[in-house]
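One chain, chain A, links the two complexes that follow: it is found with chain B in the first and with chain C in the second.
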Partner chain A sequence: MSSVATPAPVPRRGRRRRRTKLQRRQTRFAWLLLVPALAVVAFVAIYPLGRTVYQSFTDQEFLAGITPTKWVGLDNYHQLIHDTIFRDTVVLTIKFTAITVSIEFLLGLTIALVVNSHFKGRGIMRAIMLVPWAIPTVVAAKMWLWMLDDTYGVINDLFVRTHLISHNQSWIVQHPLVAVSAVDIWKTAPFVALLLLAGMQVIPNDLYEAASVDGANQLQQFWRITLPLLRPAILVALIFRTLDALRVFDVFQVFFGYRLGSQSMAVYNQSVITQDGHVGYGSAVSVAIFLIISLFVVIYVTVVRVSDE
Partner chain B sequence: MKHRRLLVLAGVVGVIALIVSLSVAAAAATIGAPKVPNAAAIKKKYGGQKITFVGDSVGNGHVRDAALAKRFTHDTGIQVTVEPHSAASDQAYSQLARAFSEKSSSIDVAMIDVVWPGAFAPYLVNLKPKLGKQSKLHLASIVANDTINGKLVAMPWFGDYGILYYRKDLLKKYHYSAPPKTWADLFTMAKKIQTGERSSNPNFAGFVFQGNAYEGLTCNALEWIASAGGGHIIDNGKVTIDNAKARKILDAFRAQIGKVTPTGVTTYQEDQTEHAFDNGDAAFARNWPYQYGIGATAGSKVKGKFGVTVLPHGASGKPVGTVGGWQLAVSKFSKHPGAAIEFVRYMTSPPVEKFDAITNSNVPTIVSVAKNKAVVKANPYLKPAIASVSRVTRPAKFLGTHYNEASKVVYQGINQILTGSSSSQVLPQIKSKLQQILKSK
Partner chain C sequence: MSTAAEATRATVRPVSRSVRLRRSPLGRALVRLPFWLLIVAIAVYALFPFYWALRSAITPDSELFTTPITYFPSHPTWAHFHDALSQSYFRRALLNSTIVAGSVTALSLAVGSLAAYALGRFRFRGKSFVLYLMLSMTIFPQIAILGALYTMISGFHIVGPVHFPKLYDSLFALIFSYLIFTLPFTIWVLTSFMRALPADLEEAAYVDGATPLQVFWKVLLPLIAPGLVTTGLLAFIAAWNEYLYAVSFIQSPSHYTVPVAIATFSGSSGNAFQFPWGTVMAATIIVTLPLIAATLLLQRRILAGLTAGAVKG
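Let's turn to the complex of A and B:
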């Protein structure tokens, strides 16, 4: 992530004066080559973000033209602090993230260990396990919604027949977090497994052979070789999944619509802008979500740096 | 080898797609769209111009639009491109709002919900000069709804109102001579029928409606409250939703969730309602007239077994039906407003409304069409006893561009009540939020 191509070996301070003409020319050329990439980043990332921040200080409406947009300073942020609906969405989204990411990680690791071992049909197994991940989220959510249906759903039927529950449940109403987490875990555990599997495959086999010669059993090999060497892959998987889970939209939108108490941060944000028509306030919500997600990024990056040293 | 298999597969898919598209085209052709009157004059003036119509996507709607547009193009030489809008009306609203706020000329004619004229009026062409005469054929109340500050910003196209679907065979089986008159009657009857039917069908429910947190719940709740004499959410610019009668009827509905309705009814929209009823799993259902056409077609499990009537009312009230329905409007940013208006003239003319009512069981907004014998025969809910029900409108005219926001407050709150919160706790919250929205307007 941090390996952005550096134009030329960055000279230390004291040696700056000693740079040759050639070096300087090379540096200039390198910057020139970077300009298109930087322009693209500025256009697709910095401009929209800056515009959102700007809009969050205005009272812009979706159907602009009826009322002219005014600068309102921190009004939107004042309102946001007292917005209990938004607070509920933050709590719910973080809960959802904690549940899904931890279970997806454990399940993904298990799946990766299984498909990393040698057995017949391993290739087919690896292909099959990716099927849930390949289905578009909205389609998967619609499918699960039908499976979880309180009257006709296959899940209720299965659970009642096996006496796990005594009567049909309305999962969406009575157990919303369980329902929505189940879909997310089903869909993305294979993705985590794939990332971890990639990490496992770069661990040289010699290490395991040597460990076997030294008399280490499978469990010891897992704790002492697999897990430490898998750490970079684990961190990548966790970062990906956490950020993804924090900005979850599709499953929540399909399952709950705008039901109070069951909105994710992103669903609430979308409803403020397109339903209520408050672009200004919605931008403030966007900025708040951006800051919350950044906080998680900072935590992860710090963890990576600390553990690297 | 692999390539050959792929080619065969592609061929098969292609053939299937061809068959499907041919059969859809054939179906559209057999309905037969009405001729365009005065076509030669229109052709002379506007022939060759191109317009885009953002139209229907629900049920048979798009097939109908395509057939009508094809006929119009054939007769007048005006090229009409039909683009179906999003099936969820709140999303269709955002799409139009975005196009209008960008002053986009990509839309010439758009299909507008009955609660939108106030919000979109500044972006729509005044149709009064050219279509004022034709508008007099339509129901005056809907024309009034589509007239903002003296400007006719949209033409009524087809209407909607909530009606009660009931199982004639089950009423007879449990010795009821008539459908329920009051909500209390409905709950009692639903309970008895449900208890009896459950022994053979564990999925059976007494009553289903639209309880999900979305626009449809605002329509349902308005019917409950208004039919109990509890006002119309906002009356004369004042928020009236928090009153004793409204609290009572809402608490009565909450008490039935999980009893005569499935617990999941708080996630139901029109589709789920129609599905439960037409699958033979419900004794009563509240829905729009379109469900009649689906239930009456061959293959439906309730064909010939169900009837329609007005919705029940509360202890001190009368039956009502929430007004729904769609209008056609011309965008101010259209490059060919003349051609667009001619298209709207054709689409909202008596022959087209008759054609739509018979083929799609949509409610005509033209009084003479609604009384036409062939139309009433195909759509029994148009019988005077049902169609004359008092129609209640959502408070869009007080809210303008803030209607969607206000409706969200209402349906979120009512959904909270249905899922367990007390009305005496939720209604004051809805009231204060609605007052804020009215004030910020």
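Let's turn to the complex of A and C:
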């Protein structure tokens, strides 16, 4: 690569034609490189999505063969509208989402503000914050299930010692939503903090210096500088957390199994398909969940658009 | 939010009343005290469940199931670790998860880096469409296609006698289905790495007569090696932690992955009256240690990868 030969001068017309030919060849090559990726995505995501929609109009069962699968039109969706179990799971999941996303955001912002200042050991602190996020949710759920144990749980012990509660609680039975939320918040609030921290670190320091010169106090600086400039990072964090919370499965399944009244949307859907084998009806539930989640995306995008104007 | 703001106000840039007090070492320490208390509180909050799992894993059963509970074991023991590792299906689960997560990571990196080469270094029609397609895939809810995947892996008819291979209850089912969340994410992040490279090296290689594939293999791939490590690690963690598909597509305990094994764990030391919490906690410590080590070592890279993709947790 040391000696670069100067290309011989080429007549203008020929050169232009060759370039377009080269461009065409490049385009073909680029698509060739994309073939494996597109094939995988088509096969693993797009086809199954289409198939889910198709199946939702059939009465398909996992143990087929007894009766052939047939087209039932909107029957599954009619059934779904009157499915009170499903309705309860939607309400519970939205409650869970509202609780966890708001607390994770406030807690994450607090942690980010604290860790954003300069101090020795900030790197270690960031690593510590990443650890809960990295471990499997199932493992986190098991750890908390034991900590929340009725008799030998450390949470009951700590709360009774500090007189926050008068006697041991059965968290899983009496306060199921609090219990699952505690796990999710523990696992994700530090991660939200890291996302916000990354956003804070690109805010130029000059702004704060100029604000101090102008006599703005810390609180004013937070409201007028940090919060507005952090807006993109906040929105990304909120959107991803909301979508994640709406499809929650692991914590609910480990904590309550398939107990009625304590199912998230995803747990109910999974049980209809794999426990009961109602693939057709389960697909209709999937489509409904997909639409509910899309609705939240649309709401977010609209709110962002409107507040931008 | 006001508490957060007040906290920084009181600690980050202390505006103390007396300059002299602030400059004395003792005064400085006192002003910083609330700040350090907050730092310690955050660290304890993040780490306490791990401490508790470790404490429960090394506490003998006779002490574990008594009240009042002890915060430090007086007679630490390895018995629970022995018990956990003596379960053959738990050892199998560690192997299975390594196979699944390793294969998914390798496949995603191979297919993903080719796609990222096209998306990051070439200009062609339809490029932004492909990029948006991949981005929308990264926020795709996995539950939405469970029903269809279930039909597919139980060996459905494609056309007439042509079958999709029956993958139900095999590790292939997981390797296949995990690509849905690892591949689009890998492509998205690797494309941002590819795009950041300067054009000079590539051009020099072309002038020397290299073919595009040689440029990819000998010039670009070594340059984005850090990106490959980051993305690979994130894909590995995501596949290692996955539970929904694993619990839906796997039936026999010999094919369990780690999350399924942990969720259904019931060691041998437990009796009919008491769930073997000590053994379960030992198992959780065993499976989290490698992840904690990797996270601590590659913390900077992981964060860079996550913010580059601005991707879900």
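Here is the rule we go by: the second predicted complex is superposed on the first by the 262 of 309 C-alpha atoms of A that agree within 3 Å, B and C clash if a C-alpha of one lies under 4 Å from a C-alpha of the other, contacts with A are read in each partner's own complex, and residues count from 1 in each chain.
In this text, a residue touches a chain if its C-beta (ideal position, glycine included) is under 8 Å from a C-beta of that chain, and two chains touch if they have at least 3 such contacts.
Values in this document were obtained by computation on a predicted structure and should not be read as measured data.
Participant: Answer with clash or fit: chain B and chain C placed together on chain A by superposition.
Facilitator: On the shared chain A, the partners clash.
Participant: Which chain makes contact with more of the residues of chain A, chain B or else chain C?
Facilitator: C
Participant: For A:190, using the defined touch cut-off, is the partner it touches chain B, chain C, both, or neither? Pick first, second, both or neither.
Facilitator: second
Participant: So in the superposed three-chain picture, is A:55 touching just chain B, just chain C, both, or none of them (first/second/both/neither)?
Facilitator: Once the two structures are laid over each other on A, A:55 reaches chain C alone.
Participant: For A:283, is the partner it touches chain B (first), chain C (second), both, or none of the two (neither)?
Facilitator: In the superposition, A:283 touches chain C alone.
Participant: Let me test your reading of the model: by the given contact rule, A:150 touches which partner, first (chain B), second (chain C), both or neither?
Facilitator: First partner only, chain B.
Participant: Mind working out whether A:274 is in touch with chain B, chain C, both or neither, as first, second, both or neither?
Facilitator: both
Participant: Please work out whether A:259 is in contact with chain B alone, chain C alone, both, or neither, and reply first, second, both or neither.
Facilitator: first
Participant: Contacts for A:79 in the overlay, against chain B (first) and chain C (second): which applies, first, second, both or neither?
Facilitator: Neither chain B nor chain C is touched by A:79.
Participant: Can you tell which stretch of chain B collides with chain C among 236-244, 272-280 or 344-352?
Facilitator: 272-280
Participant: For chain A, what residues appear in both contact lists, the one with chain B and the one with chain C?
Facilitator: Dual-contact residues (chain A): 62, 149, 151-152, 274.
Participant: So in the complex, which bits of chain C are touching chain A?
Facilitator: 1-9, 11-13, 35, 38-39, 42-43, 45-47, 49-50, 52-53, 56, 64-69, 71, 111-112, 114-115, 117-119, 122-127, 130, 133-134, 137, 139-152, 154, 176-177, 179-180, 183-184, 187, 204-205, 207-208, 212, 237, 240-241, 243-244, 247-248, 258-260, 262-263, 265, 277, 280-281, 284, 287-288, 291-292, 294-296, 299-300, 302-303, 306-307, 310-313
Participant: Residues of chain A touching chain C in their complex?
Facilitator: It comes out as residues 1, 4-5, 26-27, 29-31, 33-34, 36-38, 40-41, 44-45, 47-52, 55-56, 60, 62, 106, 109-111, 113-117, 119, 121, 123, 125-140, 142-144, 146-147, 149, 151-152, 154, 157, 186, 188, 190-192, 194-195, 198, 217-219, 222-223, 236, 240-241, 243-244, 246-247, 249-250, 253-254, 265-266, 269-270, 273-274, 279-280, 282-283, 286-287, 289-290, 293, 297.
Participant: Quick one: in the complex, what on chain A touches chain B?
Facilitator: 61-66, 149-152, 169-170, 172-174, 256-261, 271, 274-278
Participant: Can you list the chain B residues touching chain A in their complex?
Facilitator: It is residues 90-91, 94, 97-98, 100-101, 119, 122, 203, 205, 212-214, 262-264, 266-267, 276, 281, 401-402, 404-405, 408, 411-413, 415-416, 419 of chain B that touch chain A.
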